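By written order: A, B, C and D. Residues from 1 in each chain.
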Amino acid sequence: MKILYFAWLRQRVGAGEETVDLPEDVRNVAGLIDWLKTRGPKYEEAFRDTSAIRVAVNQEFANLDAAIATGDEIALFPPMTGG
Amino acid sequence: MKILYFAWLRQRVGAGEETVDLPEDVRNVAGLIDWLKTRGPKYEEAFRDTSAIRVAVNQEFANLDAAIATGDEIALFPPMTGG
Amino acid sequence: MSVRVQREDFDIGAEIAALTDGRTDIGGVATFMGLVRDVAGGEKIAAMTLEHYPGMTEKMLGGIEAEARARWPLDATLIIHRYGRLAPGDRIVLVVTASAHRTAAIESCEFLIDWLKTRAPFWKLEETGAGTQWVAARESDDHAAARWDEPSGSANKAAE
Amino acid sequence: MSVRVQREDFDIGAEIAALTDGRTDIGGVATFMGLVRDVAGGEKIAAMTLEHYPGMTEKMLGGIEAEARARWPLDATLIIHRYGRLAPGDRIVLVVTASAHRTAAIESCEFLIDWLKTRAPFWKLEETGAGTQWVAARESDDHAAARWDEPSGSANKAAE
């Protein structure tokens, strides 16, 4: 699964993009974030406050409970600030 | 006194500009128009309907009863139609 | 800041650049450019000729520009209006307003073009297949300009 | 009709000419160009960097452009938004809308720039004397964009 990070989330994670093997039991975005937080202190720090995080699944805005599957492109980022 | 004509008024009068010697008894725009109408059939035709005529005295909009004097620049024209 | 009534065409990119180049305080530039349409009042037109009153036109355009600058916080303004014979597709009028804030730029640009399209001191002679005809003032345009006269409404947002 | 998200600068005169040259059905072209200001939130900024989500940005900009074309009778539209590092005075965004009628051009241009300034998928990193800082979403801008969501109001004038 491809995951993209933008803005300060990208900086805190330390990468703009990564490809992960999704564990079987992760079915939605919230589950993905919980799993990412187990990957180290950087992730834990980056995803401490999920209210500050927005999500897109396959380039469409989605909620934390949106279902995800292998092959999806998941993007995690702070609220957009306009042009 | 300099008189300017624009648009169809200019076409009917047959001139865009003329300089006239104002008779003593002409004191306002309405009087000027009455006097112009005595100058021939072209003028009589052009000024038949004064409701269709707008006036500027020294480049400021004015009414038919606006006072005029030798040295003024009088412009007579149909309503402006915008740009 | 600048009003021009001219026969010549204008270069919109060069005009905007002249107003904004080297400035770092302008956040938004609103522009309206009017073109001659090939249809007027349902009829095909071949060309139109704009006549104006030199001297008075510049004075009136300068007056409305000053009013816009009094009503909105503007950093730069430009009005160019052409006269003479113009063909369909020709540029006829340009309004540019620049401000730190986009709302001021957009509203003042709309204010100026509403005024220009309805009250600018021009007379239009249209050429159609049936000959030439002087255009009469239009009612609907007067309404568009008149709304700016009202004491309340969107026109005063920037001042509130 | 056209959406571009690019690092490169743009030429506003050339872009408008490309939309209008040879056309005789367009009466008005409204344009809004945004520039980087040297002040943001009361603080001097030295530069700012716009980050975006390639692919999703174009999709969202295309969506709002399609909505504008559905709401107003437009003959041509163009949105250009830059990303990357920009200095004060740099051009950042361009919206061009063209219509037979000036009200449609102006209102749709305002609709698009309100959306772009508030909801376009960009993140801003500002550089000040105190370092760099990611900009947070602004409340007042959300109001400007939100008024277009209301069922009645000036946004629907053209459709009435």
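Keep this in mind: a residue touches a chain if its C-beta (ideal position, glycine included) is under 8 Å from a C-beta of that chain, and two chains touch if they have at least 3 such contacts.
All values reported here derive from a predicted model rather than from experimental measurement.
What's the overlap between the neighbours of chain A and those of chain D?
Touching chain A as well as chain D, we find no chain at all.
Where the centres are mean C-alpha positions, what is the separation of chain B from chain D, in Å?
Result: the chain centres lie 50 Å from each other.
Please work out the Cα centroid separation of chain A and chain B, and write it as a whole number of Å.
Whole-Å distance between the two chain centres: 77.
How many angstrom lie between the centres of chain B and chain C, each centre taken as the mean Cα position?
28
Give me the residues of chain C that touch two or more other chains.
Touching at least two other chains: 34, 117.
On chain B, where are the residues touching two or more other chains?
Residues: none.
Throw together a list of every chain pair that touches.
A-D, B-C, C-D
Taking the complex as given, what residues does chain B use to touch chain C?
Chain B residues touching chain C: 4, 6-8, 10, 56, 59-60, 75, 77-83.
Can you tell me which positions in chain D touch chain A when the two form their complex?
Residues 34, 50-53, 55-56, 59, 81, 92-93, 116-125, 134-138, 141.
Flag every residue of chain D that touches chain C in the complex, lowest number first.
Going by the criterion above, the answer is residues 11-14, 16, 20-39, 88-89, 100, 102-103, 105-106, 109-110, 113, 117, 144, 154.
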